[in-house]
Structures are given as C-alpha cells and as structure tokens.
Amino acid sequence: MNNTLLALTISLLFGIGTFLIFRRDMMKVIIGFGIISHAINLYIVAGGVFTEGTLVPILEHEQAVEGLNQGLIYNDNLTAGIVGPITTNPYMDFVDPLVQALVLTAIVIGLATTAFILTLAYRINEEYGTVDVGELRRLWG
Amino acid sequence: MTTVITKTIAKICLMVDMLYSIDLLLIGGNRPGGGFIGGVLAACGIALIYVAYGLDDVKKIWNPDWHTWFGYGLLFASITAWSPLFAGHNYFRSAFDFIPVVVGGIHLGEIELVSSMFFDLGVYFVVVGGLLFITTKVGTDKASEGGK
Amino acid sequence: MSFLMQHLPMFLIAIPLLMAPATIISKSYPGFQKALDIIVSIGLLALSGLLIYTVWNDGIIVYEVGEFGKYGIVLVADLLSSSMVVLSCLIGCMGLIYSYNYIESKSLNLTYHSLYNLMLAGINGIFLTGDIFNLFVFFEIMLLSSGALIVANETSKVTKISDKMEATMKYIVLNMLGSNAMLIAVTSLYASVGSLNMADIALKVRILAEAGTMPWHMYAIGLLFIIVFAGKAAVFPLHYWLPDVHPTAPSPISAMLSGVIIKIGAYGILRILFVIFSPLKGVYGPIILLLALITIGLGATAAIGQNDVKRLLAYSSVSQIGYVFLGFGMGAIALEAGEIAGGTLIVAASFVYMVNHAIAKSMLFLTSGGIIHHAETRDMRKMGGMINSNPLMAFSFLVGAMSIGGVPPMGGFIGKFSLFDAGLRSAFYLPIAIALLFAVFTLFYMFRGWMLMFWGERDPQYGEYSHHKLSILIVGPIMILAALVFVLGLFGNPVLEIAQTIAIQITDPQPYIDAVLVRVIR
C-alpha cells in the first residue's frame, strides 16, 4: 500500500515538473526542474527496501556472527561464484543506508545547479529584459 | 521590510539560527546533520539580516568577502581529504577516536573526535560563502531596481 | 617515489581540486596565481604521462578512495581511462596557457582559474572513477564549472555577453535534463542489481544474462544511459545545443568543450557498451550505428552553409563525433556476431579517430581564437587575404583542416582510413559508403572555410586588419598541437598498434572486473 502511494506521488511530481518545463516562462522551467529533482530524490529513497518492521543493517558483533551462521554473506567469493551482498537466508530485512547517502548528494547537487541557473536567468532578464523563452532567439541552433 | 518588528525578530532569529547551525555541524558525524545543512541554515540567518537591515547598511558595518570564505572552506576541506596520506592511508580515509573526560578521578564521559568533522567544517564555509556570494552579488545589482 | 606510485590515480583528481581554492585565495597576486597554475598544469600532464606508462607496463591500477573496498568509491585506471586523462591534461594545459592573453584580466583573476581547475578535476574524475554514482557527481562538477566558464569575458568584444548567456542557458538546461535521466538510470540500476561499482554491475549483469533472467527494464536502463551519453556527445536527436554553445564560448573553453568534453560522451558509451552492458551490446549496436549515420550527414550538411568560423567548426564537431560513434556501433555489432578480431580493429580505429579529432579540433578552435583576435569578426565573408597578414594562422588552420578532412600526412587520415578499412573488412558496406560520401563533404567545407578566410582580398569596407602581434602564449599552444597532429600522422603504424592493445582491453570486460573485484579486501 505504502509503495503504491509512493509510486503515485513520484509519478504526479514528475508530471507536474514536466508540465512546467514546457512553459515559456523561464522561472517556471526552473521550478519544474526543482520539482523533477525532488521526484527523483523520492525515487532514489524508494529504491531501498521498504517493508514493515525493517531495521538498518548496522549490526552488533553478536548479530553479525549470528547472521553469518544463518547464511548472510558479507563479501564476494568469486572462486565459489558468490557475489555479495546476498541474503540467501534473510536474517532480517534491510533498509538500505546507501540510498540515503545518494539522496543527500543529489540534494546538494540540485542546490548548486538551481543556484547557478537562477543567477543565469536573472542575468538574462537583465540583458534581454524578458524571461520568456520564446523571445530568446538571437541564436539559432 | 525594514520595520522595527522585522529587525528585532531578525536579530533573535540570527542567534537561534547560528546556534542551531553549529549544533547541526557538530553532530553531523552520527546523527542527521552535517556541514551542508548547517551551512544553509547559517546562510539563511545572515541573509535574513541582509533583508531586514538592507544590504547597504549592513555592508557599512560588516562586509566580508564571501568569495574568499568559499575559497578557504574549499581549501580546508581539500586539505582534510589529503591529510590521511601523511599517515600512510588512502585519500579521504576517515578516522575517529574517543577521548575520555576524567575530572578529579571521576569518569564523566567520552568525547568523540571524528576527522570527517573537519571536512564538514570546510563544507560549512563553502556553503555559507557560496550562497552569500550569490546573494550579495545579485542583491547589489542596481539595474534591476525600478524595473528600468 | 613509491608514495607517488601508490596514490597516482588520485593525484590527477585531487591536485586540481586543491588548486581551485588555492587560486581563489591568491587572487590578489595575479602573477603568482598564473605561475602556480601553469606549473601545476604542466606537472599534471607529466603525472598523466606517468600514469599511462605505469598502466601500460603493470596493468590496471585500482585505488580505493577512503578504503571501503568495493563498497566505496574506487578509481580504476585502465588503458582507456588513462589515455583519455592524458588527452584532457594535454588540452587543458594548452588551453590554460592560451587563456592568459585571451581572457579579460578581471574575470581571469577572480574566477577563471578556479573554475578551470574544477573542470579539469571533473573531467579527470569522470575518466578515472569506477563507481557509477561518482561518475554522476563528477558530471555535475564538470557541467557547472564549464557552464560558468562559457560566460567568461574575452579581451576582444566579438561575442556579445547576452549571446553567451543564452547559449549557456541552453547548455545547462539540456544537460540538467541529461543529469536527471542519468540519476534515474543509476538508481534503477542500483535497485536492480544492488551495486554501484561498475565492475560489480558488469559481473551481475553478465550473471543475469547467462541465467536468462534479465529483467526487461535492464534494456530500458541501458537505453537511458545511451541517451544521456549521446546528449553529452551531441549525437543526432540531442545535437542542437552544440552549435550554439561551442562558438559563443571563449576559444580555449571551446577547445576544451570540443576536444575533451564531447569525448566524455564517447567514453561513457564505450563503458556502457563494452563493460557494464556487455551482454546487451548486440541490442544497442544498431541503434548507435543508425544515430551516428544521421549525425554524420546532418553535421556535414549543416557545416557547408555556415559563414561563422566557430560555428563551422562546431558543426564539424557534430559530424566528426558521428564517425566515432559509427565505429562504436559497428564494433558492437561485429563483436556480437563473434568477429573478435574485426570488432577490435574497428574499435581501435575509432579510438584513433577520437584522439586525432580531439587534438586537431582543439587546435582549430585555438587557431580560430587567433583569427578572431586578428580580424575582429567571426564572419568569414568579412575576412579574406589573411594569408599575407597572418601566415602562421593560415598554416595551422590548414594543418587542422587537412587533419579533419583526412588528407594523408596528417593524423586524421590515419583515423579515417583505418576506420573505413576496418569497417569494410567486417562487411559494413552501406554505412561505410554513406560515411565516405560525407567525408567528401568534410573536405569541402573545411577548405571552403580556409579559402574564404585566407585567400583573395578583404573587402575594403571592413577596414584593415588589426596590427597587434599575437603573443607567444597564443601561438605556442597552437604550434605544439599542430606538431602533434603531424606526429600522429607520420607515425601512424605505432599509433595503430597501441590503439589495438587499448581496444583489446576495452572490448573485453574480464580484466577490468578481475582488477577491481579479485583483490585482498581490507
């Protein structure tokens, strides 16, 4: 249920962002990019396992040993054809901590790009006196 | 914007804001927080002062070169990333240590020292410097005022 | 020395990253700043040479950043990435030397150096990283710093600042779309195979392919990556930003953009086709082949009608990158069909083509900067007779034009000839015929431009040419690159043999995977 709602939210945000990108107003285009980047951030978080009663895989020593006994593989063993991390006998469900690190990085990058593009839009407004994309026609691709 | 209420509130906000941003910077090693969020918060507080008191009035009293802050922050973060090389480890390797606090023979607790905190400090200055550099540069542009 | 060797791949990213703040801090001492930056960039070139020498002798170098094993970020220097790093350091160094008399001193001292160093760090990072999310991060570093560099002011006021901003807006918006698509692709890949390490992903994709349980969305993820890298490289449906951005940028930045940054797309395609999605290369090969053919035709046809010298070169870049991608597409198809030798030969040829184009095109853009400096216009119809007033530029533009057009003593001939030869050996008759037709177009538009600019007489209504002499800092880099074009052409056979070795390593993912994964895990 949760995952369905999450998917719906992501798709809705993508839709709004795409709609805004097709506007003629440059500010709306930039806002559209912001919304799309938030949709992608949600999408990244949704990439982690998202079921009831999950724990982060920061294991105490005893838990780690117990996990090893129950078939949790921590490292690769290429000679035996094993590529980790594999939970053959799931000792517990994981919430992936890596996706949160990825989201943080994506947010920081989004901030930098948005700051740059907003400043650029401001300077374009100074030079051309408009933020209408349709009127920026001095160059022809 | 420069009413008495805004000015007073901005001062109070700045104090709370800076304290919380430093708190976020310091706890970043283990709990949610870190240099980036702390820096954004601090930049917001200072930008609020700029808005409340007017850019020109603030600049008369206090006018740091934010571009240089950005440079020093980046330099600090970069040097932190280089420092493990001198201890025989790889680039960006982080280390931590617990220092027990003992006063008069009584064990009070432990202070956790993380090397990534120095990196966070650099990021903090990069974010503050970068955001306020943009704010002040765009804010001082006279051409935009009065809509030409 | 062992300290240097132990951390070698990291230095190529970390030193520019350290130089960026150092040049900001030393902005009050412009002389010191320039000297420091130029010495460091030459040192970086030497380090990249050392890197490729070490990789050539001792095999792939893997460096763990932060010592997290395969779960952290690894830098992988194989022959492909280290040779690309040599290319970026070389052109970066030349562009930097060229900039000192070309860029306006105010913007040069304040931001130009730091942004240039950040861009170099980003480019080297893209080539060296073995982690796909890290690739995205370096992409963004490169994108933002190059975007800010396009707006940098030149000493000659030929290009209006408003034009630069409009072009940058196009560049940033289009590449932001690309970055978003790449982020989606990276996340989907991570959610499907549970790893971000490129070697690890390659291994898991291969296991999935061998077990026959490849999920359908893996095909879509691969396509998304191809769209992203094709957008960076300006291949047909996403080419239209390039002819606006490359001409409006200052000439050293144009040289970087056309010489190195569009090659990032080609590098990415090589990694996607032959390492990460190696089992699926038969699916993507024909798509790339088709797009490449359209790109070749479109770029060449559009270049014929251009009157702006830098726009001509930009359209030529579109056309030439099509040839590189043509080689990748043909190579993927041939390898999928089991022709290991033929496919490797094609990939080697297109690698040679890529290197030749990078050097010749960056040299041409630097030359066009000198020409614009001299004639104070970008319109070729307003030039003419410059062979008398500026024979040096005439010579270097001729060298570049001959190399791009594929005339024998130059490096471009080796690239074109070996590409067509290898294609014919693997029986790609129709694509080679089309490519050959547009190669004639290439020759036509390059020499049309050369004759418009250097032959005849200048119309008196445009006045005299300016008489200020070009400084050694502008002429020197052009001459070094022109000499390199000659060297690549005259020593064609050893170059092809080296490329063959590189291509063998590119097309076989196994050594890459082994180097990254089969090690002592800390």
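Chains: A, B and C, in written order; residue numbering restarts at 1 for each.
The definition used in the following text is that contacts are C-beta pairs under 8 Å (C-beta built on N, C-alpha and C of every residue); 3 or more make two chains touch, one makes a residue touch a chain.
A quick note: this is a predicted structure, and the numbers were derived from the prediction, not measured.
Q: Suppose chain centres are the mean of their C-alpha atoms. Which chain sits farthest from subunit C?
A: Result for the farthest chain: B.
Q: Across the interfaces A-B and B-C, which one involves more C-beta pairs in contact?
A: If we tally the C-beta pairs in contact for A-B and B-C, the bigger total goes to B-C.
Q: Taking each chain's centre as the mean of its CA atoms, how far is subunit A from subunit C in angstrom?
A: Using C-alpha averages as centres, the distance is 28 Å.
Q: Indicate the whole-number Å distance between the mean C-alpha point of subunit A and the mean C-alpha point of subunit B.
A: A distance of 25 Å separates the two centres.
Q: Averaged over CA atoms, how far is the centre of subunit B from the centre of subunit C? Could you give it in whole Å?
A: Subunit B and subunit C have C-alpha centres separated by 37 Å.
Q: Mind pulling the subunit A residues that touch 2 or more other chains?
A: Within subunit A, the residues that touch at least two other chains are 112.
Q: Note which residues of subunit A are touching subunit B in the complex, please.
A: My answer: residues 104, 108, 111-112, 115, 119, 122, 125-126, 129.
Q: State the interface residues of subunit B toward subunit A in the complex, per the touch definition above.
A: Against subunit A, the touching part of subunit B is residues 34, 36, 40, 130-131, 134, 137-138, 141, 143-144, 148.
Q: Which subunit B residues qualify as touching subunit C in the complex?
A: 67-68, 70-75, 78-79, 81-82, 85, 89-94
Q: With touch defined as at the start, can you tell me which subunit C residues reach subunit B in the complex?
A: 3, 7, 10, 14, 17-18, 20-22, 24-25, 63-67, 110, 114
Q: Which part of subunit C faces subunit A closely enough to touch in the complex?
A: Against subunit A, subunit C makes touches at 70, 133, 137, 140, 143-144, 147-148, 151, 161-163, 165-170, 172-173, 176, 179-180, 183-184, 187-188, 190-191, 194, 196, 200, 203-204, 207, 240-241, 243-244, 248, 517-518, 521.
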